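Next up: some structures, all given as structure tokens.
Here come two complexes built around chain A, the first alongside chain B, the second alongside chain C.
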Partner chain A sequence: MIHSIAQKEFVSTLRDRRFVVLSGLVLALLLAATLVGRASYRSLQQERELAQGTVNEQFRNQPARHPHRVAHYGSFAFRPKSGLSLLDAGVDTYTGSVVYLEAHQQNSVNFSQAQQSGSLIRFGEMTVAFVLQLLVPLLIIFLCFGAFTQERETGMLKLLLSQGVSLRQVAWGKIRGLSQAVALVVAPALGLAAALLFTGEEFAAGPDLLLRLLLFGLSYALYFFLFVVGSVVVSARQASSRAALVTLLGLWILGCIILPKATANLGASLYPTTTKAQMDAQVHEQAQHGINGHDPHDQRAAALKAALLKQYGVDSEEKLPVSVAGLQMAAGEAYSAKVYQQHFAALNATYQRQNRLSDWAGLLNPYQAIRPLSMGLAGSDFAHYVHFQQAAEAYRYMLVQRLNHLQAGMGYGDKERRLDARTWRELPVFAYHAPTLGWAWPHLLLPLAALLLWGVGLSWLGLRLISTTSVT
Partner chain B sequence: MTYLLEARALRKQYADKLALRGLDLQIAPGEIFCLLGQNGAGKSTTINLFLGFVSPTSGAAFVNGLEVAANPLKIKEYLAYIPEQVMLYPHLTGLENLALFSSLAGYRYSQPELQGYLTDAGLPAEAVRRRVGTYSKGMRQKVGIAIAVAKHAQVLLLDEPTSGLDPKASNEFSELLRRLSAQGTAVLMATHDIFRAKEVGTRVGIMREGELVDVRPTAALNAQELEQLYLTYMH
Partner chain C sequence: MHTFRILFSAEWHHFRAAKGLVLLCGLLLATGLYGIYYGTTEIERQRQHLATLPELTRRNIAELKEKFPGPADAGDIGYYHSTFAVHHPDSWAALSLGLRDVNPTYVKLRLLGLQNQLYAADNTNPMKTLSGNFDLAFVLVYLFPLLIIALSFNLLSGEREEGVLPLLLAQPVRPAVVVGAKLAFRLVLVLTLALLLSVVGMLWAGVPPDGRVASWLVLTTLYCLFWLGVVLVVAGLQRPSAVNAVSLLGVWLLLVVLVPSLLNLGVAAARPVPQGIALTIQQREEIHAGWDRPKAQTMSRFFALYPQWRDTTTIRERFAWRWYYAFQHLGDLAVARQAAAYAQGLQQRYDLVEKLNLLSPAISAQSSLNALAGTDLPTHLQFQRSAERHHDALRAFYYPFLFRRVAFTHADYAQEPTHTFISAPELTTVQHGLLKLLLSVALVHLLGLGLLCVRPVTPR
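This part shows the complex of A and B:
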């Protein structure tokens, strides 16, 4: 029975010209967004790979220099785009993509796409995720608002039920048939994306990407299922098609526009962040307490020198086998890196608290569950951004300390000497390895659980409500 | 004797209206019982109570000896229903609509069998593969009749079934009812059409303000007498 009703619903929907027009538009948008996303991915990825290669080469090809000069010359870390970011750009557009790596300070990641784009970026990007998260639900609403009300208004519900079908069976049949119609609209775009991801040489296709894409598709399937079930339930409980449509559109506005904004504002008020200027001032103030390797009158530097003399049992710096300045630099770097780490960690923790509030709101609003899940699977969420930021800092710290130790190894009078150009070619260059799904998984559990709870809860409660709905 | 349809002190109270005031009614196999009455008299409520679409406030409705409220799905095996306006699914053809409703009732027919039911109900052969959205009201009503016939139900519940049918189609419909009645099908038909009731019914009942005020065998009345009787109760 459910199969027959589902088939009828599917065939009727496909033959409905309104559906053909609307779904054609949504499908065209999805396909366009996929292709635009791929083009954007390709150009940005090429730019970043080229830039990373160029700065790496420039770094490796430095002439004979003093190591600390090399540390100040620095390098850049470019954040590679994740393959699935062509479907969901997440926070990538607003977070930076490049970080300047230099001695003594941890710079923030700069040059976001949003900074370099026009004012239109404020209205959001036309990504696949945008279409899937906001426009496909609208299509579903227009598709399903009359699922029950129209049957009731035309008397067809009575005719259906008189055949010995229960309301619950009618509802499941409709949900199945309408879900098939939605799948028909969405599947080609996801299929195209999969084909691009696994055939395009610019993508690092592998099991991780496959698993992420699979979960991406399943998560959206569940999200759309929620909208189908919700729309059918509302249609069953409303007296007229008009009332059902108004109710569903109201819920869409509440869930997709008002609640996310309200949660973001609430998060910002509950967990305020310091401004960049404030943070810079705080870091500068705290860094004062560490060794300043560039200041010969620094008391802590003098104490370190005294300790070294004692350690090596000599009475003057000239007799030390190591460069005092190099070790002072290393100690200063260790201290300032710790200060920076503390401040960045505190800032990131604040952002995470804000994001967590939004994630918990996913229990109230499926849109706020699919958004972090989608970004997380696409590797374009805040957690992935922080992963890059930390990888870049780890590399910077390793590089600078290695240079400091090269300097230390040069012994007394190092400032007058240089190390051979070959030295720089032996240093590792920055190579970022994006985290695997296993790493991202803990961040995705809450939104995934919220979505699953919605699926089970809405199916159970919704179908109970439908089975007690009025037939006449 | 087991009646195929039986109402015992059946009462339905809506929030602001008493729609049915203790209806007692028995319809035996092969009987065609026509319910006459104005709009709001309680005819459709009676049919809805037999279909289990509304719950009685008190009393009980029975189909083939089974209480409707206790067996809402089981009783539908014995019932077929034709509403006043058979809208059907406009994007499906007549054949597809019939196939759908038959499959829901548990019958899987071949295409020629489905076509046979439709043409027997009076639908032109050229129309069976056309989408119902292009049908006239009369043609849709004929598909509704085919749906009911294809279910092989023991009881037919008809709510103004000939409304909108042309005289020829109405006549064919009456003929069909007589044929089904001869096979033992019990029919409860709510109608405004006094002459159709006289022509096809075995008994007529007149409803007024939720009450079955008179029941007569049609053989005992001619059309004019029935009309006179009806008008007497309506004033």
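This part shows the complex of A and C:
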């Protein structure tokens, strides 16, 4: 019986002209978003790869220079786009794409796409995730708001129940039929996206990408299922189709427009952060005077020199086989990098506290569960961005320290000399490896749990509500 | 006129009886107040952050005075000394935050090459900037249309479905007066809320009482009128309430969500911006090549631009600050064309949006409110130009010390040029926005009235 109800629901939905028009629109938007996403992915990726290649070549082809000059010449780290970011751009638009790596200081990641457009960007971006997260639920609402109310208004529900079917069975049948109709709209677009991802040469189609894509598809399936069940439940509990529609649209506006913005703003108000200028000043202060304020930079430098003289058993700097300046530079870099890392970790912890509020809101609002889950799977969330920042900093630190030790090895009077051009070719260039799903997993647990909880809760509680609903 | 008044007051009684709608208005009022609260605290927070910057400069100077107790080489000071070019918000910014959280509100400047300092980003939480600002402009542009839809999707259809319409039309009253009274009531209600919130916002933010007050109020009124016009059109089609609700929400979705995001894609494709990345890379190449080039070559290129410093002594030593700062500046000049093209490209993107935003009154309204508050891209570009001029002033201040080799004393710190920049409104954008909204309002109302004339109101 459930099967025939599902079949009837599926067929009658397909025959509904409004459904055909709306789903055609959504499908067209999904396809357009996929193609546009790929085009923008390609151009950004090419641009960044080209730029990374250029700066790497520039670094390797430097003339004979003093290593500290090279440390100030530095390099750039460009953030490659993750393959799935063509489906969900996440925070990528609002994060910078390149960071300048140089001695002594950690620079900001600059040139975000949001800075390159006017406030139009604030209306939202047309990506696959945008269509899936906001527009498909609307389609589902339009599809399902009359599921029960119409049957009741036309008196069909009584007839159905007189056949010996329970309300619960009717509900399951409707949910199944409507879910099939939704799948028919969404699956082709996701299929195309998957095909694009796995046939394009530019994507490294490994098991990690496959697994991410699979989970991506499954979580959206669950998300849509929630909306189907939720709409059917609301339809069963409301007296009229009009009331059901208005309630569902109200919930959509609250969950998809108002709450995400409100929680993000509230989080930012609750946990204030400092500016980059303040942070840099504090880092400088602590690097100069010691983290505890009792260990100034000059004393540390003098102590290092004294220790070196003692270690080599000589009485003056000239007789040392190493450059004191180079080793002092290395020690200073180690100290300031440590101070910086502390501040950076504190800043990111504050940001995570700000975002936690929105993540917890996922327990109340499925949109705020699918959003972090989707961008986490796509590799375009805040955690992946921080991963890049840290990889860039790790490379910067390694590079600067290699150069400092090259300087140290030049011995006394290094400032008057240069190292051969060959030296720079032996240093590694920046290569970023995006983290695997295993790394990203802990960040995704809360939103995934929230989504699953919704699924179980709604199926259980919602259907209990339906079975107690009135027939007329 | 008398019938109109009766109908109007009947609407009022209906509204008071509909607890849901009263609650909705109350909620929107509360949301608007939160928007005002958020906007003002956000701007206050930005102000506090900006207020700490002079203190950072003072600490930097104190440190330098300790490091160089006597008269110092100005080259050392220029290298270690940093000041800030600061973009102060206008008080209007609290009502429409625009891009103030996306673009940095200050630039830290040293005497070194400008181009690798100008684009430094500030600390931001990208999740927060992605979610956007919950300011009064958001409430007005995004949420007010939804309130209007909720209040009026069953303007005529509700009466028809409840069977009241046949009774009503049986009275000696023209259908146009019925529709007019119903719309007028909703207009009064919505405008009361919108203008009340705007006035509260203005008082809260402490805006100066100038022409912008009127502009804001007129913009808000026109935008609400536009949405009531859309309601009129949909009511004129005389379909059932559920269809009306779906159509109205469809229009909202189209104008507030789809058109802006599609326009964004189109503009990005039509006006590709020469990447800022390329210019910073090239500037680094130029500056670092300066170390390897013969000093005489660098200096003669510099003197060609600044002949006033030509008679200074030839550099024979391994390092001289004036040579160092000369090639820093030459590095900037080498990419001046790209830098100008980058800023121009961004401005062109904005201008193209301005041309095309007639497609959606929501974009017109939002960009006019941002322009009024001075929080959009053009203001940021102006700030960057002003930071550039400040950097020029700093160079002009330090060059006499460097080229005449005058010692830099503790008293000279106070002589250093300072920078102030306060957002100015983009009044032409506001005027264009007003005109565009007026045009849209006229268009939908004419269409709605035409529909009512063509299709007389049927009781069933």
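Note that the second predicted complex is superposed on the first by the 461 of 472 C-alpha atoms of A that agree within 3 Å, B and C clash if a C-alpha of one lies under 4 Å from a C-alpha of the other, contacts with A are read in each partner's own complex, and residues count from 1 in each chain.
Basically, contacts are C-beta pairs under 8 Å (C-beta built on N, C-alpha and C of every residue); 3 or more make two chains touch, one makes a residue touch a chain.
Just so we're clear, the structure is a prediction, and the values are computed from it rather than from any experiment.
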Clash or fit, chain B versus chain C on superposed chain A: fit
Partner chain(s) touched by A:Gln299 [first = chain B, second = chain C, both, neither]: neither
Chain B versus chain C as contact partner of A:Ser166, first or second or both or neither: first
Contacts of A:Gln311 with chain B and chain C, given as first, second, both or neither: neither
Partner chain(s) touched by A:Gln46 [first = chain B, second = chain C, both, neither]: neither
First, second, both or neither for A:Gln342, with chain B first and chain C second: neither
Contacts of A:Phe382 with chain B and chain C, given as first, second, both or neither: second
Chain B or chain C, by number of chain A residues touched: C
Shortest span in Å between Cα atoms of chain B and of chain C, once chain A is used as the common reference: 18
Chain A residues contacted in one complex by chain B, in the other by chain C: none
Chain C contact footprint on chain A (complex, rising order): 29, 36, 40, 47, 51, 54-55, 58, 63, 65, 69, 72-74, 76, 78, 90-91, 93-98, 100, 107-112, 114-126, 130, 134-135, 138, 142, 145-146, 241-242, 245-246, 249-250, 253, 257-258, 260-265, 267-269, 272-281, 285, 288, 347, 351, 354-355, 358, 381-382, 385
For the chain A and chain B complex, residues of the former touching the latter: 1, 4-5, 7-8, 11-12, 15-16, 154-156, 158-166, 471-472
Interfacial residue positions of chain B with respect to chain A in the complex: 48, 51, 53-54, 73, 76-77, 79-81, 83-89, 91-92, 96, 100-101, 103-106, 131, 144, 147, 151, 157
Residues on chain C engaged by chain A in the complex (per definition of touch): 31, 34, 38, 41-42, 45, 49, 52-53, 56, 59-60, 63, 84, 98-99, 102-103, 106, 108, 116, 119-134, 138, 142-143, 146, 150, 154, 161, 241-242, 245-246, 249, 253, 256-258, 260-265, 267-268, 273, 275-278, 280-281, 284-285, 288, 291-292, 346, 349-350, 353, 362-363, 366-367, 370, 375-377
